[in-house]
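First chain A sits with chain B, and in the next complex the same chain sits with chain C.
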Partner chain A sequence: MAQVGYLPKEKEKAFFETLSKNALVYVPCLEGDTVIFRPFSPERTLCFERSANIPPKTIIFPQSETLFSFDYKKNADDPQKTAIKLETNQEYPDVIIFGARPCDAKGFKIFDRVFMDTDTPDTYYKDRREKTVIVTISCESPSAGCFCTAVGGGPADKEGSDAIITELEKGYFIEPVTEKGKAIIKEPFIEDGSPYQKEAVERQKAANDMLKNPFSTDLTKISPSLFNSDEFWEQVVSKCISCGACTYLCPTCYCFNITDEQAVNKGERIRSWDACMFFHYTLEASGHNPRPTKFQRFKNRVGHKFVYYPEKYNGVIACCGCGRCIRYCPVSVDISEIVGYLRGSGIEPLKGPSKDGANAG
Partner chain B sequence: MPVKNPYLPELVTIQKIIDETPNIKSYQVVFNDLEKMKNFSFQPGQVGQLSVFGVGESTFVINSSPTRMDYLQFSVMKAGEVTAAIHDLYVGDQIGLRAPLGNWFPYEVMKDKKILFIGGGIGLAPLRTLILFMLDNRANYKNITIIYGARTPPDLCYKDDLKEWESRSDVELVLTVDNEYPGWEKRIGFVPTVLNEVAPSPDDTVAITCGPPIMIKFVLQNLAKLKFRDEDVITTLERRMKCGIGLCGRCNIGSKYVCKDGPVFSLAQLKELPEE
Partner chain C sequence: MSLEKLKETVAKVFHEVDVVIGYKQGFDPLHATPCFITMPEQVDQLIWNPLCVQNLTSYLPFLKKKVGIVVKGCDSRTIIQYMQEGLIKRDNIVIVGLPCTGIISVKKVLHEIDNQPVESITFRDGSNVVVKTVKGQKILSLSDVCPDKCSTCQYPTPLIYDHLIGEPIKSDKPPESVYEDIREFEKKPLKERLEYWEKEFDRCIRCYACRNACPMCICQDSCIAETRDPHWMSQKLSITEKFMFHMIHAVHLAGRCVECGECERVCPMGIPVNKLKKKINLEMKELFGYEPGVNLEDKPPMYTFNVEERKIEEHKL
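And now, the complex of A and B:
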């Protein structure tokens, strides 16, 4: 049995159709100008050329999901009495995410530590995660803003992947990483990949050399005096409009809100994405807000990824360097520039207007 | 064994409602499932999430004592949507409960020490659980002093407890209100000021304080002036919480989550956290 596999491009659709018989296969699809993960169907236009606009975290950690439903049932004999019935539904299908980027796969590992490696695991995330196989495509051409190598990743990094594929001229080279990944190369249409191994490794190396590295990686510590300087944060974040796009598009951002929705006697408790960049996120019922200003919220976001999470998890940075928050920020806030400066790059981030002219709130 | 769903509340029924102050009510609840009531255990200082299904969830300390398990008590000050909805409930109504959550008072290290409680307003709730716990294990602790204040006499919580503690010879209770009030003959003044007047010795003493942020701020300053060591000063923090299990992100201070790593912190631990 071959250790590595090869899928010829002309058999790509047939392969996905076969896989789709037993699992929900998510692939990056082109919709207008946007690349987004959708369940495979032959009519869709697949797009492996560039990183998806929206990371595949939505598949395991949906933007909104029902935690349970509740039902107030009136007692027919005694209308004064009401019973409450709670119901959960955590039946999830087997899922294959095909064509995630190494940064996206690494993002799931950053989730896993928080949602699974704890004494109170998040069963919704865990159940979905355990039923998911992640097949990653190694990056051929990094996009503007990518900086995965600065946070310990790379265009062919295997962390979080069950298998990693590399696009070659006429097909895909497939290298299993986990047991789940080994099952993939036993699927129909997969040939022995060993003749293609050399070509794949060369391609991976070429991509690695193309990446920018905005942090000097030997400097692992963030300057505490700068990190604790309100003035620094006020300046670098003054242009931020608190839209939250950076958090929603981030493969490692997992903040969420829990709300109830009810109609008549029935309703649901719903978990939805939240964003630490929003004023209301930390606002208390008393009116007190521990992070009332934009710069405090931004500091917490950067702090969480580059200081607090590493403190908790053996120095692991909670950023996968995918660059989405840089590419899609409407006002071009660049986290790699800011963290680079905090780590002593010597290159000052582009400053916004001074405190007087800034919308500090 | 399947992993427990951490978001699914247990159903509990309200057995008794006590009007503590004009805007604070205490709720005594029991699990609908009596087996669960029997098996439930918690530590003094741990919190629970109360659910009004259709409105939402909020975090409250379990202010009854683990030594008295006939019911669990929560005190709710009307402030936001969930607390307003809880205030609309009646005896017999069912609500959801996720508990116990968070850490607890380090009562083991307080053994054989003098205990100083300093509370303000609804801040007496987390102290109450520990006070009751200590009174039920009275031999384990030396002098117990309670300094408690509120804006006006009607704003004092747990009036029955206060009466009992006042009558006990093994508890020193110091009550204060912010301003003069008809019929009030005890102390007048803010809690931090009264703390200075009482001027307890820091020797062999652990101070535990909870109250409005402004009160805590000045109590901590005054305890430092009285030469209390940071390790011997314990407080509880409040933050907006949702998940209660250290995931949803909003209650963090640096790498610590108030819901899971707290709510109980010593002043020494707080000084390690980044300023916000």
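And now, the complex of A and C:
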């Protein structure tokens, strides 16, 4: 049995049709100019040329999901007493994500440490995650804003993938990474990939060489004095408009909110994505908000990825360098530029006398 | 050279205000980014070219400072509308106006160059854009890659300013062209239009970039899309909820939308949300003969009423 596989391009649709018989197969599809993961169907336009506008995190960590439904029932004989009926549905289908990017797959590893690899796993996440096979496609060239190699990834990085495919001229070279991934090359239409291995490796290397490292030094330590300087954040984040595009499009952002939505006796407890860019993110029931300004909230986003998460998980940076937050930011806020300042590389933004310098003391 | 004049003017204005907001080069050659000038040496970072797409006036109502602001013709309407609604004080802003011959739509340029990263971009004679990528060089016509608002622009020169950089430009676009796209779209059967919107809004991720980039969306942190008390909108992600949010956004902008197109420009999912706002603006124009942000003396229709509104029949019952 071959260790690596090959799928000729002309058999692509037939292959997906076969896969779809036993699992829900998500593929990146083109809608207008937007690339979005959709369940495969023959009439969709597949797009493997560039990374999707929104990463596939939503497939395992839905933007909005019902944790359980509840139903209060009054006891007719004793109206003082109320019974409550809880129902949950965690029957999830087998899923194959086909055509995620290595950065997208790495994002799930960031999630795993928090939601799965703990004593108290989040069963909603875990159940979905275990039923999902992630087949990534290695990147041929970077998009604007990409910086995966600067945060430990790469255009053909295998972390988080069950199998990784590389697009060749007439087909796809498939390399299994995990046991789940090995099952993929046993599927119909998959040929022996060994004759194509050399070409695939060359392509991956060429892609790797195209990536730019936005950090001009190898320093990875964040300057605590700059990180804790309000003036620094005001300087670099003034232009932020506090929308949630960066966090919602981020493969590693996992903050959520929980809301009970109830009508009379019945209701549902809903978990939905939250974003630290929003004012309501840390608004407390008392009305107090420990992070009332966008500067403090933005500091949290950078801090979570480059300071707090690494502190908790052996130095692992919770950013996969996919560049979406840079590419799609309405005002082009660049997280790599900000982290560059914090690491002491690049030009420090605060040089020279500030207008408010007299009060900065 | 208008850039030199701009820098000169901003350097002067800088001494009268706490901060000047202009444009500087962003993270790659295709993007400009807002530049908050608080130090004199930052003036040199300023740029002025068709990359300067953002409507910088969005920051004004939230800045409790004296602000110098760089505006294009279209952006200047926001300032007039703000003043009509009492959202900013004229004394607190110094307006540096830039007559504008059109900007680019980043999305349209990316479409033309197969979404490749841009290595360099140059603008020739105000009508061509030369874009270089790894795949080679492409010459695009600015009129093909400008946002829709530029193709029908009525106000290339700012309507309000303290300093004007360069000579005023007159619009050569017919006024009736502004709502042509809406009138065309409305000719489609209702069912087709519904299907269109259902398909478009299906992609919405409720990131609220459209709302936050909107200069006239002044509720911001108190938006009913997020408040829990009262809890108006469900956190479920159904089409109904997405539709609801976008309809509320559009209706809140009735007779207020200055048609800067920021909502549509910033949408990371490529949803044509500006269409809804333009539709409502067209209704307001036909009903009240009002165009937002054009004349300082006007009273926005939602800020007043006439007992006998000329075009509303219902009161004659």
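The definition used in the following text is that the second predicted complex is superposed on the first by the 339 of 361 C-alpha atoms of A that agree within 3 Å, B and C clash if a C-alpha of one lies under 4 Å from a C-alpha of the other, contacts with A are read in each partner's own complex, and residues count from 1 in each chain.
Operating definition for what follows: a residue touches a chain if its C-beta (ideal position, glycine included) is under 8 Å from a C-beta of that chain, and two chains touch if they have at least 3 such contacts.
Quick caveat, the model's predicted, so the values are computed rather than measured.
J.: A:A183 contacts which: chain B (first), chain C (second), both, neither?
T.: neither
J.: Applying the touch criterion given at the start, work out whether A:A207 contacts chain B, chain C, both or neither, answering first, second, both or neither.
T.: It touches nothing on chain B or chain C.
J.: Would you sort A:V316 into first (chain B), second (chain C), both or neither based on which partner it touches?
T.: It touches nothing on chain B or chain C.
J.: Which partner chains sit in contact with A:T259 here, chain B, chain C, both or neither? Use first/second/both/neither.
T.: both
J.: On the A-aligned overlay, A:R50 touches which partner chain: chain B = first, chain C = second, or both, or neither?
T.: Touch partner of A:R50: chain C, not chain B.
J.: Should A:A14 be classified as contacting the first partner (chain B), the second (chain C), both, or neither?
T.: neither
J.: Which partner does A:L30 reach: the first (chain B), the second (chain C), both, or neither?
T.: After superposing on A, A:L30 lies clear of both chain B and chain C.
J.: Counting only touches as set out at the top, which of chain B and chain C does A:L249 meet: first, second, both, neither?
T.: A:L249 contacts chain C only, not chain B.
J.: In the superposed view, which residues of chain A touch chain B and also chain C?
T.: In chain A, positions 257, 259 sit in both the chain B and chain C interfaces.
J.: Give every residue of chain A touching chain C within the complex, in rising order.
T.: These residues of chain A touch chain C: 31-34, 36, 49-50, 53-54, 62-64, 141-145, 210, 235, 238-239, 241-245, 247-249, 257, 259, 261, 270, 272, 275, 278-280, 324, 326, 328, 330-334, 336-337, 352-356.
J.: Within their complex, state which residues of chain C touch chain A.
T.: Against chain A, the touching part of chain C is residues 18-19, 26-28, 30-36, 38-41, 54, 58-59, 107, 110-111, 114-118, 134, 199, 203, 205-209, 211-213, 220-221, 226-228, 231, 234-237, 262, 265-266, 268-270.
J.: If we count contacts the way the header does, which residues on chain A are in touch with chain B in the complex?
T.: So the residues of chain A in touch with chain B come to 67-68, 70, 72, 80-84, 86, 88, 90, 114-115, 118, 120-124, 126, 228, 254-260, 262, 267, 269, 271, 274, 276, 281-286, 288, 290-291, 296, 300, 303-304, 307-309, 311-312.
J.: Which part of chain B faces chain A closely enough to touch in the complex?
T.: Contacts found on chain B: 3-9, 11, 51, 53-58, 79-83, 92-94, 96, 213, 238-240, 242-243, 245-255, 274-276.
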